[in-house]
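Heads up, there are several structures right after this.
One chain, chain A, links the two complexes that follow: it is found with chain B in the first and with chain C in the second.
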Partner chain A sequence: MKKKSLLFLLLTVLTVSALLFSVASCKKSEQIVTPAPPSNEFLTTVIFRCVNTAAPYDTTTAIWRALNPSSSAPPDTSKAILTFNKNSTYTCNVYILDESKTALSALVQPNFNINNLPSTTVNVTTEIRARQNYHLVCFDMSGAITSNLTVARTDYDTNNPPLQVGLNDNATVLAPSTGRMEMALHHQPNVKNGSCGPGTDDFDVYYGVTIH
Partner chain B sequence: MHTLKTFLICCCLFGVHASYLHAQDSCTLSLSGKVVCTRTHEILTYAIIYIKESKKGAATDEKGMFLIPKICPGKYSIQVHQMGHRILDTLISISGNTHVVFDLPPDDTHLKEISVESHQVKKEEVETVHKSELSGEQLQQTRGENLGDALKEIAGVDVIQSGATIAKPVIHGLHSNRILILNNGVRQEGQQWGDDHAPEIDPFIATKLSVIKGAASIRYGSDAIGGVVLVEPAELPKEKCMNGELNLVGMDNSRLFAGSGILQGAFDNKLSGLSYRIQGTYRQAGNIETPDYILDNTGLLEKNYSGAVAYEKEHYGLNVYYSHFYSELGIFTYSEASNPAQLLQLFQELAPTNFPLSYYLQKGFYKINRGYQAVSHNLLKATAYVKYGTFGKLEATFARQTDSRQEYDLDVPYSINGSLDNAPQNNFDLTTHTAELIWEHNSWHHISGSLGGSFITEGNVYTGLTYGALIPNYRNYGGGLFLIEKWNPNDKFTLEAGIRSDYKWQREYMLNPTSLLEYTNTQQYNATTATIGASYRFSPTVSLSMNAGNGWRAPSAFELYAFGVHGATGQFVVGDSTLKLEQSYNFCSSLLYAGSKLEAELGAYVNVIDNYIYLKPTLTTHINIDGYFPVFDYTQTNALFKGIDLDVKWHITPQLLYEPKATLIYANDLTTHGYLVLIPPQRFQNKLEYRWKKLAGLRNVFVNGGNLIVPAQTRVPPNSDFVPPPKGYVLFSASVGCSVKVRNQDISFSIICNNLLNTVYRDYMDFFRYYADEPGRSVQLKIRIPFQFFPTKTTQTSIN
Partner chain C sequence: MKNRLFTCLILIASLSAGAQTPEATAPSKGFIGISEGFSIPSGNITKVAYNDNTAGFAGKGSSFGIEGACYFSKYIGIGGKISFTSFNISSTGLDSLSAGYRNSFDVDRVTTSITGAYSIWAFMPGIYLRYPVSGKLSVNANILAGFTSTTTPTIDVAVEDGGVEDGTFTQKACTANAFGYSAGIGVSYQVLSCMAISLHGSYLSCTPDFFMDNINRPSNIGRLVTEYNQPINVMNISLGVAYTFGKK
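Here is the complex of A and B:
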């Protein structure tokens, strides 16, 4: 009989200590919310900047921007507009930035210069250039500009044979018209073949286009 | 006196007042069943069933059936004899009217062996809810498959998949957080909220997989509104021995191979009562082949082990169990579309991007590249119990689980210094502690039952590279008290009823994305659950069970706070922090016929779920840097699930068996009078099997062929999907098997061919239906090798 009581006692002690252990062992690590590490880069801003080859003062810079990817607010497309002059040729560059760490006042300006970024803005274009062998920028026109605006990629990667990348482009502009240009960065590990079909999108943004 | 004292302590522990129950045995229970030959599955007439303790016995009739009435509750040694067969010694604990099937191996070896098989007849806490099992040879046929796929053999169970390697069980149309998986008696806590988060369980640990097809909240609290999956290892050996088994599986499609071993034993003399088991599994597969192409990066790797030690005496016992599960699952490279426009484009393509076999042979067939999940799960469980004749059994269980899930996207994150090159995009860590104390009291005025309390606390930590956390960090505490009682006035009738009260508290810790300041939200839930059920046996062959009960589920942190794109479906999912708890009202009945030639189980159910949480299309669009996405909000409605499960075994001749099964589900949204998304289509299975006792020197030879018929799911709501559900399909399968006696051990072999005709098909319940076909033909070889070190002659214990 003594044995039984001892055992029961043991059992009770075990249960209680288990419960205590379970409560005590909670390290409360859930109470510290860890944001994403600062070295991780988000794509927040996609810029398409073109310079008239015949008149370098004729520039157009379209900025598509979603600063807070976890906000339900729509992206800021107020500056996502390209304005070209008819019958011209432009040299264009694609810039991808991470402005999620940038103080609001220092956001990139329409008179944008890639060499003059706020110190907290990250130029993700460099990373994409480093991974150019499986990236491809694609353009798609809709509206009346379809027959009046052609964007051709001018840069090549180091695949064998080399394939186009599209971070550097030439835009050929014809008659006055308006429309919309879709610009997408395709992510194509193992399957880059020069076409826009394979892979997923790192970004897929739209710019309004006016040709004067 | 001591018994009284222990009982009173127990009552105090639960904080309830109970008058002293006079322990009086009620010897009105019955043991009934059937005796069949292990090998031929023929019924055995005039076999003797003898209960040693009560010196009672019975013989089987011309249908192989027997009935022993007027048995007191307790654990009995039972012996079964029949001429030309080995004697079967087994232990059975009887707490209610018990129906068993004894398998007698034929004594054609003329060796004077006694076969001791441990038939575990566990006490069911709620026995009027329909339950189906997979064990023995049926389970053997599923070896090497994941848990979800193995359970598909049971009528009423479907799977929801993300490709062929990630499968989650669906019971009566409900899955994920709406069903519960009990891993060796402990509720499995992983990241169940994710549709592509497969259960972190090695099916090789189980000798029995059971599914409770109905609400079981009365026993398990929150979440068990759809049903429960029980993964049960065999009981540890009781008598001195050392034995085990080795299972080997190989498959041509994906070049899968799996090996799993068990070694177990028990001691005698001074160490009498001490037993142990160790188990380990290695499973690896490469890329899956559909009839027309190979799916890139669909390999898997699994490394699991477990161990158990028990010390059990007549009146007390202690059992400690530890298991470790680790898996790496490759995610099909082209299973992601950045936006719905791309998804539609992928769907219209005949085949996803793919490479020839030579590409993989060169690069390593089993290599898992980026775009994978790595999951590890650890479980430590300790159980202690005391039991006395008049008092019953008091059992305490404590368990600690850690679940760690890393999700690596296809590409390494963009980073200046390369410090994140090997980092996962998502990292989930969940730590769960559970404790349970249950008193199973002995029969008193024909009433038996249990009184228990359970406690759970979980801490979830998310770290990742996404801008906003995919699910927030949280801590929760939950507790419940329950009482379930059963009344067996005679050996035909059982009435049971139960009541339970639960409380749950949860607090989420989150960051404001703009100010980066931390804030918290707290929810509290109360729920009361009740169940009532009855079963009646009209004759030794026919019985009917009915049960009505309710269940509940608290919304998951994902349903409360989701905000982002669901990669596989292209939906932009938005959670709702004001969601209320789901309440279910479940009615089920099952009719059982267990004749000598025909065995049939017909189950029917109606499940009404108030505040059913689902994703509702808002018909608005969210624009982000990846493109345009349709927005789906988590919202609540009232839902109705009803259906029928049919499972028949018809022994047309002693050699020929026909086994049809049907699973029918009808689900409706009671508010909109429309349909619900992701409800499994109807499913029909047929199998015809022929067996030989002996054929060309081989034993227990069988050959079978079957098919699976799945019509298209037409009951889908509008605007909920980008593409219509896939067409219906019919798949054929065939298998052969036999066993060979080597050193007194039956080594069994089987060859199984699935999707025999290499049919091209897609399945509505697979998220990869947008991107690729289901796997093509596969041929599997399965070998089971039991072994025994000692005792070598007198007794043989087999794991079954």
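Here is the complex of A and C:
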């Protein structure tokens, strides 16, 4: 009788401890924080090139450049000027380069060929295209061009439903005027919804605009 | 997997063949007991590969079971086992998963949280075999098959970039039922006339088809698993204690 009681007690203790062990292991939760590795790439140069759809020789290329983004020196905006002809439609492309390792004499000029860049220049546009599902280029006009220049994004990502990206655009130009165009690349991880609000800016640049 | 099952079957067949030799033992008519031990999953469920949607990132875990059997001869009987096996996502797997999401979203930081674990409830009847080696020691084997219910853990990933919280997306836990089978072999030792302890190894396999709900995934970025239909194989090594009854 004593043996049976002892056995019963032993079984009960084992059962309860086993159940507690199993339940505890089932409820376990873990968490890890993964920071970004040090960045090895910069967005030093942002180019907006537009070609008149009716007259391909009518091309305007604006280059905004900040070779050392971490410095407090102002960006080079001497070539950040767009010149359009009135009552025209242009097909435009955004190009993003890393020229931080490029010699000053080899920096891209307005007549550059994107397929023939110096070996030290990185075409970051291809990376942005690969990550288009969480990037969006936004345009904002100020000054007299507000009602005379409209830039519409024409390319789409592979989200479901597809959302605009903005690396390819159409510019519709109306009456002669001047002003400023702001172009920003929004980084919208897991929050891209087609609007410019969410996320952070990978770059935010300005171009002077003249419509003849 | 097939090789392991085949090996188990060979072992059981060998035991059955050996059981033709009469032994001067007095085995019990049956037992009911509990066991507890650790579990080692294998196969794709343990793969650590962010870009491979068959990867399950599972690590080692634990198991618990209640089983009983009635022997209608000295060597063979029928019985069943209810077992609970649980194993977490491994720390290596969690690292890989989190780094993968961070790279996919190209953000400053992600925080990946795992709640719960992979867990398998198995309800399996089957055939029990034993070979008494001495009056107190016997070698046991079983082949079981039946119903399994498997649950996956919940995975939450919080995305942060440029000091801005970009939301948390979740792969919710889900449960799927499937047919499963188990084969095991072990030894038991009669410590009292009505109590035995045992060391047992068993191989459990099932292939549940999970359909995962993913919440707050507006963008088509990074690893997204909506269905997981891979074999889950687990080796359980357990210690047990059993009440034996009906000594002949």
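Operating definition for what follows: the second predicted complex is superposed on the first by the 172 of 212 C-alpha atoms of A that agree within 3 Å, B and C clash if a C-alpha of one lies under 4 Å from a C-alpha of the other, contacts with A are read in each partner's own complex, and residues count from 1 in each chain.
Everything that follows uses one rule, which is that a contact is a pair of C-beta atoms (placed from the backbone, for glycine too) under 8 Å apart; a residue touches a chain by one contact, two chains touch by 3 or more.
Please read all numbers here as calculations on a predicted model, not as lab measurements.
Enquirer: In the overlay, answer first, second, both or neither for which of chain B and chain C A:Asn133 touches.
Expert: second
Enquirer: Contacts for A:Ser71 in the overlay, against chain B (first) and chain C (second): which applies, first, second, both or neither?
Expert: In the superposition, A:Ser71 touches chain B alone.
Enquirer: Which of the two partners, first being chain B and second being chain C, lies in contact with A:Pro35: first, second, both, or neither?
Expert: Both partners, chain B and chain C.
Enquirer: Please work out whether A:Asn159 is in contact with chain B alone, chain C alone, both, or neither, and reply first, second, both or neither.
Expert: In the superposed model, A:Asn159 contacts chain C only, not chain B.
Enquirer: Once the structures are superposed on A, label A:Asp58 by its partner contacts, choosing first (chain B), second (chain C), both or neither.
Expert: The answer is neither, since A:Asp58 touches no partner chain.
Enquirer: Just chain B (first), just chain C (second), both, or neither: which does A:Pro198 touch?
Expert: After superposition on chain A, A:Pro198 lies in contact with both partners, chain B and chain C.
Enquirer: For A:Asn190 in the superposed arrangement: first (chain B), second (chain C), both or neither?
Expert: Both partners, chain B and chain C.
Enquirer: Let me check the overlay on chain A: which residues of chain A are in contact with chain B and also with chain C?
Expert: Shared contact residues on chain A: 4, 7, 10-11, 14-15, 18-19, 21-22, 25-36, 131, 187, 189-191, 198, 200-201.
Enquirer: Spell out the part of chain A that touches chain C in their complex, as residue ranges.
Expert: 3-4, 7, 10-11, 14-15, 18-19, 21-22, 25-36, 131, 133-134, 157-160, 187-193, 198-201
Enquirer: Which residues, counting only chain A, touch chain B once they are in their complex?
Expert: 1, 4-5, 7-8, 10-12, 14-15, 18-19, 21-23, 25-37, 39-44, 46, 64, 66, 68-72, 74-75, 98, 100, 122, 124, 127-128, 131, 184, 187, 189-191, 198, 200-205
Enquirer: For the complex, give me every residue of chain C touching chain A.
Expert: Chain C reaches chain A through residues 34, 36, 61-62, 64, 84, 86, 88-89, 91, 94-95, 98-99, 101-102, 105-117, 119, 159, 161-164, 166-167, 169, 192-195, 216-221, 241, 243.
Enquirer: Using the touch definition from the top, list the residues of chain B that touch chain A in their complex.
Expert: Chain B reaches chain A through residues 2, 5-6, 9, 296, 315-316, 333-334, 336-339, 342, 353, 355, 382, 384-386, 388, 394, 396, 398, 400, 410-411, 413-417, 419-420, 423, 431, 433-435, 437, 455, 457, 459-461, 463-469, 472-475, 509-511, 513-514, 516, 518, 563-564, 574, 622-627.
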